[in-house]
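See below for the structure under consideration.
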Amino acid sequence: MVRKTTLALAAVMALGTLAACSSDKENTPAAPSSSSPAASSSSDASNAPDAGEPITLQFASWSISEEATKGALEQMAQKFTELHPNVKIEYIGIPFGDIKQQTFVMASSGNTPDIMQTFTATFPTYAASDIIVPLDDLVGKEFIDDLFPSYKEDYSYNGKLMGVPWAPSPYILYWNKELFQKAGLPDRAPETYDEMLQFAEELSKLKTDSGEQIYGLGEATEKLPINGMIALRNIYSFNGSLFGEDGQVNVNTPEVIETLTYYQTLVKNNLSPQGAKLKDLRNLFSIGRLGMYSDGYYGRKVFQNLSGQGEAFDEKWGAAMIPVNKTGDNVSIGEAHGLVISKDSKHPEMAAEFIKFLTDEEMISLYHQNSDVMSARKSISILPEFNSTDFDKTLVDQMTKIKPLPANNPGLEQAYLEIAEAVQKVAVANESPEKVAAELDAKLKQIMK
Amino acid sequence: MRQRRIFGAALPLLGAAAFLLFLVFPLYWMLLTSFKGNSALFRIPPEWFPSEPVLSHYKKLFADNVFTTYYRNSLLVGFGSTAITLIAAMFAGYGFSRFEFRFKSLAMFSILSTQMLPVVSLLIALYTIYNGYGLLNTRTGLVIALTTASLPFSIWMIKVFFDNIPVALEESAKIDGASRFGILFRIVMPLTKPGIFSIGIYSFILSWDDFLYSLTLINKDELRTLNAGISIRYIGELSYDWASIMTVCVTSIVPISLLFLFFQKYMVSGLTAGAVKG
Amino acid sequence: MHKPVQLERRGVRLSEKAKDAIFLAVIICPAFILLLSTIGIPIVKSLYMSFFQVSLLSMKSQVWNSFDNYKQLFADGDFVHSIGVTFRYVFSVVAIQFVLGMALALILNGKIPFRRALRTVILIPWVVPTIIGALLWMWLFQPQYGVLNYILQSLHLIDQPLQWLSDMQLALWAVMLAALWKQLPFMVTMLLAGMQGIPGDMYEAATIDGASKRQQFLYITLPMLKDTIKTVTLIACIENFKMFPLFWIMTSGGPVDATTTLAIFSYKTAFIDLDLGKGAAIGALWLIIMLLFSWGYNRLFAIGEGKGGSAH
């Protein structure tokens, strides 16, 4: 343990010096453009910020005020200021559920913060709007080429990179080892959907000591855009898509109907709690009332806190790739906190510099240690720090097997919400999947013109 | 007959007990939750009294001293907007009560109509106008916004209080040579003091309840109010940390309840006085 | 007498009527100007915007679209549905609140032990901010480990845990319960205060005349409370019409659309469907509905008033 820390520390220091050097170079107008991506992007000397000019970058974020991530982010801002003494990072904490509405309200008066945090389900709205700027020139080609292709696609619009995937995560399957043992199941995660459902049924027969119901397999069905996006993971697994062969919207397909039936069965047979948010599933999993569910990297830290058992709880669950279904592969989707730069920003170059700083090896490693965050950059995600545990490896493996989400479109977020509502229609209101798929098809065709 | 009488006496008691249960039990549960460790939190059957009360949630909360800031801001803004509301509502309410003029009911309804739309559907236009006035990120701006939120109802309510003061009193004062403002301040106001007091509490609670205005008009942590602060810190992305949420809820309502209970004596009598119909 | 003399000397003679007018203007204007310049302008702007095609994606471009926003709304089943949900919510919650509030106020106005303490304690939910109340009730409603299901199950009132906020039939009622909890104290306090203002000798006289408790309530208490009732219920109606945070935090309008009120619908139209013009049109129609409602409300109460109702 000690050796690992020392190593990490050494790496951090080495990187810190490197970064300091490269930033020195940038700040010298006469510096010849080097081959490093950081330098080349801002080698256009006339645009490069003057070292003396005081700059304040406003950064709207929800992670900055949440307990789990606050410390790490403050540290990052401080490190950046050490490298760029003339730059001040001003965090604007906005609740997760309000940040989109609030940033757009600010944009209406040209007050948008320089950098804004967003996430995959909401990003389409930013991407299609006129409040943010394309990043291709700001972050440079090398940076972009280093991104995992599916993430690059998820954060692009009309062929341009509009946001940087910052804290990415594939959805993986979490399973509770204790419950598996109690139900007499093998000590491994299910490999196929059929097996997963079979396990779920066994798990659902269990009761807690006081006779409360235990759920086998949780799916999030609360009415939120993100849950519609998560439903896409299942649609993909059933070999479906939102689009037909011709690239036009078509969800009135056997695959989508099958997915909706899957949701209906889960809730009807009490395998999954109904109307749950992902937050609720995390809580249930932490207290041993849920056998399996899919989530991003966030799971581990949340379980530690909510179970009241701290790190000891890490032993009680396993993480695995999403089971194979109709496609013959472990299909998942990727989610990511993204960073975008506003059109109102007076210092887009410096903002891009900060974003690159946040996604570079040193900072992402720090973030990874703090909260298991992954990197969307290929060169970083193969590093040993990101592959040191089974949990890490599962995440990295799954990351290579994620399918891009539908191309960003002004109606995509609304479409996600419609999908979530469709899932509720079958799961909660018990409507027929065929009818719901037909209705959803009509709606999506109208929304995603 | 006798049975019925006993029943008749017991019924109100039973009713009161039922109401008390409904109103107080959630508060008790909130308090209880804030003293439970996470391992005890989700236990079923639940503990009705913490077997091992923990203070860790409180310690965590107070280690982060930003909450005292939020608290102070909420109080400052609440008192500020209450004061302005009272003055403006008293003037306007008196005008509407004592004078007949053309378009009076139109005026009163247009005042009321400013409260008919939810803030959320006016968010962009509101932000634009406060931005134009240069009032974003200032306490003044928030005070004004909250004042406008409580003013219309306050005017309507205070008018009813003034309606109940016999005009004869003012007329005799007028003959004695008092000015119009003099009459308002020296004769009418003292008579409606209790009513004014209760409207003060009403508008204070309204501004205490506000979330969207303070979230939208204020971006700086040092100026944020309690509700916005709670929501930023505790209605987060990743999980419901129920014990922490309940802890911050308890700390946020205890002092204000005490303040409120202290004033409550005046308030009930205030409402009483206002309700005396001619 | 000082001022008029001075004015006369300067040769300016204002009639009493003119002075009244000036006084009136001086006392009414502050409130009017304040409201007009802060909320009034946004409302007008929003009404104006309702005639244009405006998207959240490009807020600067506003194109006249010849009432298209309104046409779309009238053709949209979701809009009508959300009006239905809103009215159901408002009427139920205000009616229940009024009946229960009246009952509790009567109890507390009678001679029961610990009356003062009780009156004080029941007020606490009122100071609990709505967003905190919403979280508290979500915690109580939690289907798997919430205490409410546990209590109901222990009392054998239900065999299966209820899904509260994610049940098509129950969700709206669950939100109402939370709203009721927060709003009941205000109602009780106002009614109680009104009751205490009724002179005791009226009841004494009635008792001597042999009126029963019920008759006393119907013929003394209710008529005497009319003004209080009118004001308090109108405020409760308006406040609940525009209720947003409770729904947004507890259900986000779901399951499916069971709790999608107008407030949620207009939010969704503006910030998820990204159609600001249509969102503004919802606001405009809403304002019309509310004005008609309040006007009707006033009329309704005026009918019962009669002539000699409030003899000073």
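In order of appearance the chains are A, B and C, and numbering begins at 1 in each one.
Going forward, a residue touches a chain if its C-beta (ideal position, glycine included) is under 8 Å from a C-beta of that chain, and two chains touch if they have at least 3 such contacts.
In this text the structure is predicted, and so the values were computed from the model without any measurement.
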Problem set entry | Most heavily contacting chain pair (counted by C-beta pairs in contact) | B-C
Problem set entry | Far-end chain from chain C, centres as C-alpha averages | A
For this session: Find the geometric centre of each of chain A and chain B from their Cα atoms only, then give the gap between the two centres in Å, rounded to an integer.
Result: 40
Exercise. With chain centres defined as C-alpha means, what is the inter-centre distance between chain B and chain C in Å?
Worked result: 14
Exercise. If you look at chain C, which of its residues touch at least two other chains?
Worked result: 59, 145, 267
Seminar exercise, completed: Residue numbers in chain A touching two or more further chains are 97, 101, 104, 108, 212, 280, 287, 289
Problem set entry | Shared interface positions of chain B, touching two or more other chains | 42, 44-45, 124, 128, 231, 235, 240
For this session: In the complex, go through chain A and note every residue touching chain B.
Result: 62-63, 65-68, 91-98, 101-102, 104-106, 108-109, 111, 208, 210, 212, 279-280, 282-283, 287, 289, 298, 301-302, 305-309
Problem set entry | Contact footprint of chain A on chain B as seen in their complex | 37-42, 44-45, 123-124, 127-128, 131-132, 136, 215-216, 219-221, 228, 231-233, 235-241, 244
Exercise. For the complex, which residues does chain A have touching chain C?
Worked result: 97, 100-101, 104, 107-108, 125, 128-130, 212-213, 221-225, 273-276, 280, 284, 287, 289, 410, 413-414, 417, 421, 424-425, 428-429
Problem set entry | Of chain C, residues touching chain A in the complex | 55-60, 142-145, 161, 163, 165-168, 248, 251-257, 267-268, 271-274
For this session: Using the touch rule from the top, collect the residues of chain B that touch chain C in their complex.
Result: 12-13, 15-16, 19-20, 22-24, 26-27, 29-30, 33, 42, 44-46, 87-89, 91-92, 94-96, 99, 101, 107, 109, 111-122, 124-126, 128-130, 144-145, 147-148, 151-153, 155-157, 160, 166, 177, 179-181, 184, 198, 205, 208-209, 211-212, 226-227, 230-231, 235, 240, 242, 245-246, 249, 252-253, 256-257, 260-261, 264, 267-268, 270-278
